[in-house]
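Each chain carries a letter (A, B and C) given by its place in the written order, and its residues are counted from 1.
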Amino acid sequence: TNEDATVEALQERIEKLEQELNQRLNIIADEVESSKGDNSRSRVTLGGYGELHYTNLSSDDEDVRELDMHRVVLFVGYEFADNARLVTEWEVEHAISSAGSRGAVEMEQAYVELDIQDNLHWRTGVQLMPLGIINETHEPTTFYGVERPIVETTIIPTTWYGAATSIKQSFSNGFSYDVMLSEGLKTEDPTSDPDAEPFNLKAGKQKASFASAYDLAVTGRVAYRGVKGLELAVYGQYQPDLDQSAETSYAESATLIGGHVIYNLGSVTLKGLYASWSLAGDAAKNAGMDVQDGGYAEVNWKPLSSWGFYSRISQYSQQQDESKEIVELGVNYYPLDNIVFKADYQQYNEDAGDFSGINLGMGYQF
Amino acid sequence: TNEDATVEALQERIEKLEQELNQRLNIIADEVESSKGDNSRSRVTLGGYGELHYTNLSSDDEDVRELDMHRVVLFVGYEFADNARLVTEWEVEHAISSAGSRGAVEMEQAYVELDIQDNLHWRTGVQLMPLGIINETHEPTTFYGVERPIVETTIIPTTWYGAATSIKQSFSNGFSYDVMLSEGLKTEDPTSDPDAEPFNLKAGKQKASFASAYDLAVTGRVAYRGVKGLELAVYGQYQPDLDQSAETSYAESATLIGGHVIYNLGSVTLKGLYASWSLAGDAAKNAGMDVQDGGYAEVNWKPLSSWGFYSRISQYSQQQDESKEIVELGVNYYPLDNIVFKADYQQYNEDAGDFSGINLGMGYQF
Amino acid sequence: TNEDATVEALQERIEKLEQELNQRLNIIADEVESSKGDNSRSRVTLGGYGELHYTNLSSDDEDVRELDMHRVVLFVGYEFADNARLVTEWEVEHAISSAGSRGAVEMEQAYVELDIQDNLHWRTGVQLMPLGIINETHEPTTFYGVERPIVETTIIPTTWYGAATSIKQSFSNGFSYDVMLSEGLKTEDPTSDPDAEPFNLKAGKQKASFASAYDLAVTGRVAYRGVKGLELAVYGQYQPDLDQSAETSYAESATLIGGHVIYNLGSVTLKGLYASWSLAGDAAKNAGMDVQDGGYAEVNWKPLSSWGFYSRISQYSQQQDESKEIVELGVNYYPLDNIVFKADYQQYNEDAGDFSGINLGMGYQF
């Protein structure tokens, strides 16, 4: 019948539709799948950050007016497997590195991390010391002030990295710990150079470059993040011999202890950090450099996602009878989450050079 | 009836087909979407260029035969948002940078660009000066001759970059302008070094590295591209103080003015550029270096996409009674759009060193 | 009729279904297509490797204890087309490059490769010399021992690269050959520096950085890989003039010949290499440095994919009456294919410094 013919035609049409759509869907699904298979590349991750500084500080004796692309960093990571990864950090400091310039290229991180357990990681390679607030997390969008907190660039000589092997474990109760065995400091040798500063710890960083390894350093940290908004950490490092067993010994062991607290109350955050080096031996004592310590307190307020304000007081001493103090306040403006413009006003006390003035900065991360 | 049963079966079949296809389409759409969500990575863009030079020049006094991987560059960009982006340019000059070599690593660009309006961009960070033809666009595939035009590497000291903040706006009528506030030049200080060249402008580039910022420079450019094939631009820079307020002043202000025209007639392109520095003060005048200027004219012909030919005459003077001239002609061969092999013949006049000879080059960009 | 109405409704429904699905399929197909078009980026390939070394060697006179991030490398490649590609290798040596450090940034590869035929490749740019086993393939996962085989870092001065143009062809019968025209060595000039070592070949590498190109070098290699598990290669280089036509000639030509065999028998691999330099001229002969040669033999055994063991004996001489020998054995542990931890024990004979001790290493590649 006519009806029959129509129904048959419909059946055919549906069948044809089914076939055709199946075909097209399979083609598309294959393409989607193959474009995912292409993701050998997506095991590589790229990131970075950078900081431009404008300094305008004055004292009775000296004016400093400087523009400096302090750092540009590229992170290259790779995921070998779910439980193994690479982190590398390529940094150009001060925009140019050459025989005639003051900048540098530094490999600040280059380590392989293997997961021993889900919460237990083993790292080998060039790593950041697990010390302080800034040393491991120093993207410019994460802190206030154009310059990093001075206690963390002098007493804890941030950015502080070295060749090391380390263990990091975290627990569900909020505790975590780090243990690291690394290259130690090797301070300047006064037996061959009369201008050397044998107890200048920052100058003793070996930076994973032909690092003397007669006397390795041990570093440890315990942190607690079990309460929302709170971070507590204590840490320490022991250096058996600052001169790395030099033939004519000019220095002995050095011990750093420190700790910090960060407490976040809604838009207000409080930070406090203290760190102290003890240098053993008569030479350090006679030089008045056997104790080198410092601390800072900071309050910041971020009423809007794009604006934040802070004030910080820093006190430190690298020499007996020296008490440096810097008071500062300023603002971070974030046009976007990962871009920041900064301005601050700083006042240095007499021991710190008697400077006052402003800093402006631009920073980004991705 | 039988008919009823068949029609009902058809209805069911259509419904099932609809459901099934909907399901499959949703799955595929989700995968496509999620593979796009994966594109946090695709916000990162990578590019680069490089140049290998072979120089074979001779004069009565001297032969130069040199192979040099002059530049290898990596661009890393990031798109923070539709209206905000990062540009960084990592450059290795002369293949090796170390304490004992003549090469360098330079961070020639590292800026964040925010769109104030669709046609109005604000950049902060390390940037190329908006001057000349070559300074901002210097990939080897974009110009003729193994070496960049000499007037643009001496009078306009390309590659010229610095820490800066700038505005760039373009209009639909073909006009655009740039205004930049940046670090100025700081020329060599003769008060401490008798061999210093206080009016050598190229040597005064501070390259965003601890740049003295007592006296910032202002740069401006107006360009017109409103007629197809034509580019007109005029530009200038004012430096208030070449010695950056040195205690013992050895230099005063410097002013650059310049302009260029590029006119494209089918396969033939004409280029002309002129730029001139005026250095204020008696010291510059007495040294015969108060006017430093130069210009060049070029004609190039690209009859095929893979072959281009050029001739260029360059004249410049950095010192009174000096008139350097270089005449050259050569060929670019492009096996692919982004790879170029170059050959040229150059003749220097007596003031320019009396050299003549050939250069060969290989360049690429991506 | 009722039936008619139902059938008509069905027809309409199928049509609507067809239209709707077509629309959705087209949208998805477009998105898949456009996400593929986005793959301009996927023409860029990234890779890299790195090596951390711990050295603990002692002799009667000297102890060496060192931690060093010897190398971190980033490969950036680009595929211009199916028959044209770029290879660049960015290397940070010894973790830091600056005016005051011993590390370097090196551009060890930066060449464009064009396929003349499927099996015939033409490279121009900075390239690795086609010599030895290690020079071209030196990722730490590919060899045994923390340090590279010493004969290949002294006699063949690996990593040996330079500005060059070269041809590489391979045949289906297992044969392949390389011919390269490159910068030559330029050894230290004793006419201006009394401490110079005019016949120290490794120090004469010019590294594509302002390389004197008066006297180019020619390099050739023939290799055979036609039998499974076997690799045979012979190679040579001719340098017309080690002083690159210095005004006061202090050196003459130099010729390197060498060869190696690698034979893989299941889990056991045997390697042997020998290379020898002949320096022409009386000066080299009088200095006792006219013949500089060496060789090594290695056996390694990899019973499991994650463990391998080796032993190697290396002998070499860079000076008359000198016979250096190093015997070593050690282990590679691969927690994953592309990560390796190494340990070895080395014993140097008296000529080689009389050291003995251990090396530990970590390496990765991706």
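Note that a residue touches a chain if its C-beta (ideal position, glycine included) is under 8 Å from a C-beta of that chain, and two chains touch if they have at least 3 such contacts.
If you're wondering where the values come from, they're calculated on a predicted model, not measured in any experiment.
If touching chains are joined by edges, the resulting network of the protein chains shown connects every chain directly with every other. It takes 120 degrees of rotation, in steps of 5, to superpose the Cα atoms of subunit A onto those of subunit B. Residues touching across the subunit A-subunit C interface largely differ between the two copies, under half of the numbers being common to both. Note on chain placement: the centre of subunit A and the centre of subunit C lie 33 Å apart, centres being C-alpha means. Annotation for subunit A: residues 3, 7, 10, 14, 17, 21, 25, 28, 32, 35, 46, 97-99, 101-103, 105 touch two or more other chains.
Interface residues of subunit A, counted against subunit B in their complex, comprise 3-4, 7, 10-11, 14, 17-18, 21, 25, 28-29, 32, 35-36, 39, 42, 45-46, 48, 50, 52, 54-56, 63, 65-69, 72, 74, 92, 94-99, 101-103, 105, 335-336, 338-339, 341, 362, 364, 366.
Touching subunit A in their complex are the following residues of subunit B: 3, 6-7, 10, 13-14, 17, 21, 24-25, 28, 31-32, 35, 38, 41, 43-44, 46, 76, 78, 80-81, 84, 86, 88, 90, 97-107, 110, 112, 114, 124-126, 162-163, 183, 206-214.
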